[in-house]
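Taking it in order: structure first as C-alpha cells, then the write-up.
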Amino acid sequence: ASPAAASGSATVKIGIITAESGPYAPYGEEYLAGLKAGLDYLSHGTGVIDGRKVQLVIDDDADSPATAVNDAKDLIGQGVTLIGGTVDSAIALQVAAVAAQNKVLYIAGPAAVDQLDNLNRYTFRSGRESYQDIATAGSFVGDLTGKKVVVLAQDSEFGTANATGVKAVLGAKGASVSSVLVPLSATDFTPFTAKILAAKPDLLFVAWAGTNANALWTALNQQGVLGATQVVTGLANVATYPATGPAGSKITFLAHYFPGAGAGNAYETAMTSAVKAAGGQVDLFTPDGFTAMQMFAHAFEASTGDVNAQIKALEGWSFAGVEGTYTVRAADHALLQPEFEAKLTGSGTTWTPQLVKAVAPDQIAPPLPSTPAWSTS
Amino acid sequence: MSLLEIADLRVSLGGSAILHGVTFDVAASGVTALLGRNGVGKTTTAKAILGLYASAGSIRFDGRELIGLPTYAVARLGIGYVPEDRGVFSALTVAENMRLAEPRDRATAAYDYVYELFPVLKHRAAQSAGTLSGGEQQMLAIGRILLRPNRLLVVDEPTKGLSPKVAAEVAHALKEVARTVPILLIEQNLGVVRTMAGRSVVLDTGRVAHRGETRDLLANPVLTNQLLGVSTANGVSS
Amino acid sequence: MTTLVLLTATGLGLAALYFLVASGLSLIFGLMDVLNFAHGAFVSIGGYVGWTVADHLSGTFGLVGSLLAGIAAGAAVAAATELAVIRPLYGRPLDQVLATVGLGLAIPALLQAIWGADSRTWLLPGWLAGTVNVAGAHVPTVRFLLIGIAVALLIALRLLLGRTRAGLIVRAGVEDREMVTALGIDVRRANSAVFALGGAAAGLAGVLYGLYQGSVSPGDGTSLLVFAFVVVVLGGAGSITGTAVAAIAVGLVQQYADYASASLGDESVVILLAAVLLLRRRNLQGRPA
Amino acid sequence: MVHLVTTLRPETAAALSLTGIGWRVGGRTVLEDIDLAVRDGELLAVIGPNGAGKTSLFNLVTGLTRSSAGRIELHGRDVTTLPAHRRVRHGLGRTFQTSSVLPGMTVAQNAELAAQAAISGPYGSLKPWSRIGARARATAAEALERTRLSADATRRAGSLSHGGKRKLELAILLAGQASRPQQILLLDEPMAGMAVEEVPELTALIREIHASGATILMVEHHMEVVLGLAERIAVLHHGALLACDVPSLITENPTVREAYLGEPL
Amino acid sequence: MTRARFSAPPVRYRRIWRNNWLRALIVFAVLYFLPYSTISIPGVFDGPLDAPGVLQLLAVCLVFAGLAVSYDLLFGHTGVMSFGHGMFVTAGMYVTTILVNHAGYALFTSAALALAVTLIASLLLGAVALRVGGIGFAMVTLAFGQAVSILVISGSPQLTGGEQGQTLNSSAVPAALDGVRNTANLYWIALAYLVLCAAAVWGLTASTPGRVMRAIHENERRVEVLGLNPYLFKLLAFIVSGLLAAGGGIVYLLLLGGATPTVSTSNFTLSLLVMVVLGGAGRRWGAIVGGLVYGYASQSLTRVSGSSAIAGLPGILRGPLEQPLFLLGAAFVLIVFFAPGGLAGRLAAKTTTTGIKEG
C-alpha cells in the first residue's frame, strides 16, 4: 500500500484494491482515473470533501485473489472502513466476503458479475452488471416471438452466465435461445462460425470477455456470419475498437459507456477534463471510478464510523452521474443505470463510436431477488 | 627428446588432493606406460592432460603449455584420448560416433584401417552404440580415435573387457601405431604392457614412484612386487 | 461436407501453428536437454517485433519484413539467452529450468511494459486478409501461409539436422560433454547455434501467430506453450518429423472436437496426450550394460 | 516367504536352468536356443568373444530384459515372466559389467541399501529404520570389509576410481545377498580394470563366497582367474552355446582357441 | 531434466538428524510466537508483525512452503517430476468447498472427505501414470492436471463457480477463524500445516522406504536388481505428497475464504517446482526456504512495483519495474546465479565444489 503522508482525525481513508499490473491493468487504470477525477470534482480540486481530507490507499491485486484478500485484510487491519474496486469478478466476490466478515463497506467495480447483487449487506457496486448488458441488447430488437437467437460465448462462468441471462431475458420475449460455447483453449473460431450459420439465427448475441477478439470477428466476418444475421455485442474499451472495427459497420453495439455517451452532461465534462488534465483518456470503466467516489462521499458524509448509517444512506439513494441517473436499489444493492446503443464509424485502425440511443435504467433493471440475502432492518 | 613434459602436476577433486606433484615425460616416439594400483591417480593424470580437470603445475606439449587451454583446444593440437569408461555416445549410432571423431578431411584410408582392425564396427554401423557389448564399445572407443591425425595418444585401459584374442590384437595394433604416434598407455594387464614394452612410469598415491624401461621393471620381481604388488616377474598375463 | 473441408483445412492451419511453436522447443529440448520455459516468451517477442515492422511498412513488403524481423529477433534473443543464462549453468539442469522460467515470466511483463496489456491489431495485406474457396468452404488465406511456411521449416530443419554435424555434436554433447570436447569439438558453439535456431523458429512462429490472430498481446506465446509441450512429447523430443505428425494430430483432433462440443474441445488434447503416453509406455530406463 | 522357498524346493532341481533361451532384438538374434543347467553350489564361468551374448544372457536371467523364447527356472520354479525385483527374492544377485552404483550416496549407504533390501524382505517392507538400521549397517560394514573398501566408506560412490567402483559392485552384491539362502550370483567381468595386485585377492574372495554355498556364474575374460576358479566353463559364440565342460577340455577345444583365446600375450 | 543429479554431501544420519530436530524446533518456535510480537520491519512488511495484513501474508507463505515440501518429496527426494501436483491442491480446496456449500456438511467433515477423495484419486492416478517414466510421467500428470483444471473452470460453473471460484459459506466457518481480528488463528493453522508437512517428509526420507526413494532417484535399475520394486516406492511418495498437497489446499481455502481455480492451473504447479528449485531440491530446508521466499515475493512485489521509489524513476526503468512479474522473473535468474543449487544450499554454504571444468 502507498498511503499519502497526510493523516489525522480529519481524514477519511478509502482503500482501493484493483489491478495495476497483469492483463486487467488497463481496466484498473481506467477505474482509478475515474475515481481520482471524481475526488477532484467533488472536492473542487482541494481533495477535501465535507471537511475531511480524502486519502486513497491503492493496492495492486495483480489479478490474484490471494493478493487481493491479503490487501483487504491489510487495509481493514489498518482501520480502513471504506473499500472499493477490482476488475476481476472472482476477486470482487472474495473481497466482498472479507468485507462482510469484518462489517466494512465495500463498493465493487467494474466487476460485472450479477452475484454481487444481493450478496451481503455490506457490498454495493459502482458499475453495471451482465444482466443490464443483455437486457440492453434485448431492447434493440422489436418483437422477438418465434425469432431464433444464438449466444456466442466462451465456455466459462462468464460465458454460460451470459447464455443463461439471454435465455431468461430474450426467452421471456418469446425468442427461442440457443448457445454456441467456445472452449477457452480455442484459437481458431471457424468451427463455431459453421455452427452458427447452421443454426440460421435472426439475432446473434456475442458475449466475449477473452482476448483474441480480432480472430473472432475476423472469422465471423470471413465466414459471412455478419452478413447473414443481426449481430449484437458489447462495446469494449477504446483499445479494442480497431479489432471490432472492420466488422463494426455490421454490428450493433450495446455500450456500458464510451466517451461521449453521456451526451456531455456536467459530470461527464468534469470527468473528461479532469482525466485529460491528469494526462489520461476517458474509457469504458472511467465512470465506474467516478461513480464509486460519488457513492463513497455520500456514505461518509452520512457517517464516518457507523457502517450501518452508511448503508442506510446508500440504500435507495438516487443521484445524477456521468451516464445519467443512477439508483442504488435498496432490496439488493443493484445499481440501476442507463446503457447505450452505439455503432462504430471509421477506417483502418481509427474508429469512433456514435451514440444511437440511450436505454433507460428501468428498461433494463434486473429482476428483484426472490429470496433476499439479508433482512433490511 | 620428449613430446610431452609433465612437471609438478597437482590436481584436487572434491576438496581432496589427488595428485601431489607428478613429474614425467612422454617420449616423442614409442609407448610410455603409466602404471599403478587402483586409485593412485592414473586416470586423473590423463584427464588433467586433456584439460578435463583443473590442474596446477605444468604440462608442456611440444613446448606449448596446455594448462589453462580448453579441452577442445588441447585435442585439436593432436592429442587423441581413449577414456577409461570408453565415452561412447550411446544415443548415437556406431557410424555417428565415428563421424564425430573423424577430422574435417574425411580420411577413407583411416576408415579402412579401423574396419580391418575391428570388423564389427563396420557390421554394426547402424546400431546405437549404447546397445553394443562392452568389448564392442571398447573397440569403438579405440577405433574412432584412430581415425584422427594424432600426434599423441592417451589411452586409458584399452584392453579392459576385451577377449584375450582381441586384447592381443589391440596390443599389437597399438604397437604398430606407436611407430608413428607416441602413446601414453594406462594399463593393468601386464601382458599387454610387456608386449608394448617402451618406458614406464609408476604412480603411487598421486606421486611418481618409479621411471624407467618397462623391460627392466617387469624383470625385477622386487620392484614389481613393491610398486604393483605382483610377486612373479612375468606378472599376470591374460 | 463443406464443414468437414473447412474444419480440416483450418485444423491443418492450427497444426502448422503448433508445429511452428513446438519445433523450436523440440529442437532445444531434444538436442540440449533443456526444457525451455522461455520459449513462449521468445514467440511473443517475435510477434511484437514483427508487428512493429508491419505497423511501419504495410502491404506485402511489410509482411516479408516482419517475418524476417521476427526470425532475427527470436534468434538474437535466444542466442543472448544461451550465452548469458544457459551456458553458465551447464551441468545444473534444474537451475537452467528455473532460469528459463524466470525469463518466461519476465519477458512478457517487459513486453506489457513496452506495448501495454491491450492486444495490438495487426492489419493484414489485402490478399492475405481474404479467404480461398475450397470445395465451397471459405478457408482463410492466412492458414495457407502458415501451412506453407511450416512445411518449409520442416524440410529445412530435416536437412539441417540430417546433413550437418552440428546436430550430431549437440546430441552427443547432451550425453557426455567432456568426451565431445575431448574429440576437439567446441560443443558450446554448436549449442549456441541450436539455441539460436530454436529461437529463430520461435520468432517466426510469433509473427505468424500475430497474422493468424490479426493481433498480438504479451501473453500470446506463453498461452501456446502447453500445447507445444504436448506436441513435443507426443512427437518424441528431438524428432522433427515426429513433432510434425504430433502437431497435425493435435490440430485436427482439437478442431473436430471443438466443433463437436465445447467441453470436449477443451479436454480433447489432454485426453489424446494421456491416452497415447499410457498406451505406448515410453519408460526411459537405462540400457543393459 | 524365504523359508517356504527352501522347504518347497525339490532337492533334485538345478539352481538355475535355462531351456531353449533365445533373444531377438532390433532384427538381430543375439541369443539362440540356449540350454544350460547350473548345479546348486556350482561355479560356472561363461566365456566367449566380445559380443557373444554373455551380458545379454545375464540380463535375461536377472529379468532386466525379457527373453523372446525359452524358459528360465531358479531352484525349479519358473521365473520366466517375473520382473527383476521378484527374481531377486529367489536368491538371484548380480554385478554389472559397467559399474552401476548410486553415485550420489556414500559407499556405506550403497551397501546399506542392499542390506536393507535383503533384510526388510519382499516389498522392502516399511519397517522403521531404527529397527533394521543396526543390522543393515553391520552387514554393509562386513561387506565393505571383505572387499577392502572400509577406508572409503564415507566417500561418495561417484568419486571412487574405476577399480573402486568395481569393488563396490561386489560389496553391494555381498551385502544384498548375505541374508538370502541359496544365492545365485552372476558376476559380469569382476576383474575388468582391477589392478594386478587386486586380482588374487578378489579371486580369493570369490572362492570364499562360493565355498559358503553360493551358486556362481561368472563372465570373465581373465583366463587365469577363470581357470583358477571355474568348475565348468560355458562358451558362448555368436549367441549360441558352443560348449560347456570342465576347463581342461575347454582349453583344448580348437574353436575356442581360434575364436577366443588366440595367441596368449 | 529427469537426469537431474544433485550432489548432496554425505549424510551421517544420526548426528545431523538430532541437531536438525533442534534447529527445526527453534525455527518453528520463533514462527509460533511471531503473532505476539509488535515489532515492525519497515520495507519488508508495512505494519507490525501482528497486523492482520502481515499475518495473512505470512500465513500464505507458510502454506506455500508446506506445499513446496510436499512437492519436494516427489521431485527432490524421489526424482519423479509431476506437472499435476496442483490437481491435489485443487481437490482439497474444491471438494471441501462444494461439500460445505452444496451438501451442507460441516467444515471438518468436508475436509476429511476431501482427503479421502484425494487418497483414492492419487492412488488410482499414480498406479496408472507411474507406468511411464521420466518426462512421460510429467506429461501424463500435466494432462490430468489440465483436465481437472478445465473441469473446475468450465465443467459445471454452478457447482465450482467456474473461473470466479467460490467463496466458502461464511456460516460454515467457525467463529474463531472469521474476521480480520482472527487472522492470527489462521496463521497458526498454516504454521501447523507446514510443521506437519516437514515432519512427514523428513520422517519419511529418513525412514527405510525414504532411503529407497533416494536410491531410485540415483539409479532406478540398481534398486530393481536389489530386489526392490521402484514402482511401489514411487507410488508411496506420490500418494503421500498428494495427501499433503490436498491438506494445503484446505488450509489455503481457509486463508482465502474461498476456492480459486488458480491452484488448478499448470502455472501453479510450475510455481511449486520453482519454489523447490529456488530453495534447493532434495535439501532438508530447501523447499521451505523456497516456498517462503516465493510466497513473500509473489505477494509483496506488487508493493515494490507500486512503490513511490519506482514511480520516481525515468520511464525506461519504471515501465518494467512496475510489473511485479518482471521483478519476480528477474529475481529467479539472479538467484540461480548467486545461489547455485538453491538458497538453502547457499545458507548452509554446503555447495560441493568439484574440480571438473566446463569443456
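Letters A, B, C, D and E mark the chains as written, and numbering starts fresh at 1 in each.
By definition in this document, a contact is a pair of C-beta atoms (placed from the backbone, for glycine too) under 8 Å apart; a residue touches a chain by one contact, two chains touch by 3 or more.
Per UniProt, the chains are B, D = ABC transporter ATP-binding protein; C, E = Branched-chain amino acid ABC transporter permease.
Source: prediction; values computed, not measured.
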> Where each step is a move between two chains that touch, what is the least number of such steps from chain A to chain B?
Replying inline: 2
>> Under the document's definition of touching, what chains do chain A and chain E have as common neighbours?
In response: C
> Based on CA centres, what chain would you say lies at the far end from chain D?
Replying inline: A
> Does B-C or B-D have more contacting C-beta pairs?
Replying inline: B-D
>> Let me check something: if the centre of a chain is the mean of its CA atoms, which chain is farthest from chain E?
In response: B
>> Using mean CA coordinates as chain centres, what's the gap between chain B and chain D in Å?
In response: 29
> Taking each chain's centre as the mean position of its Cα atoms, how many Å separate chain A from chain D?
Replying inline: 75
> How many angstrom lie between the CA centroids of chain D and chain E, rounded to a whole number?
Replying inline: 43
> CA centre of chain C versus CA centre of chain E: separation in Å?
Replying inline: 30
>> Quick check: what residues of chain A touch more than one other chain, meaning two or more?
In response: 21-22, 155, 183-185
> Going by the touch rule set out above, which residues of chain E reach two or more other chains?
Replying inline: 6, 150, 154, 219, 221, 322-325, 356, 359
> Where in chain B do residues touch two or more other chains at once?
Replying inline: 13-14, 52, 70-72, 131, 134
>> For a test of understanding, state which residues of chain E touch chain C in their complex under the given definition.
In response: 1-4, 6, 128-129, 131-136, 139-140, 142-144, 146-147, 150, 154-155, 219-221, 266, 270, 273-274, 277-278, 281, 319-320, 322-326, 328-333, 335-337, 340-341, 356, 358-359
> Within the complex, which stretch of chain A touches chain C?
Replying inline: 21-26, 155, 181-188, 190-192, 194-195, 198, 211-215, 218-219, 222-224, 237, 239-240, 242-243, 245, 348-349
>> Applying the document's contact rule, which stretches of chain B touch chain D when the two form their complex?
In response: 13-14, 36-39, 43, 84-85, 120, 127, 131-136, 138-139, 157, 160-169, 171, 188-192, 194-195, 228-230, 235-238
> If you look only at chain C, which of its residues touch chain A in the complex?
Replying inline: 3, 6-7, 10-11, 13-14, 17, 109, 112, 116-119, 121-123, 129-131, 138, 140, 212-215, 217, 219, 224, 227, 254-255, 258-259, 262-263, 265-266, 269
>> Residue numbers of chain C touching chain B in their complex, please.
In response: 165, 168-169, 171-172, 174-176, 178-187, 287-289
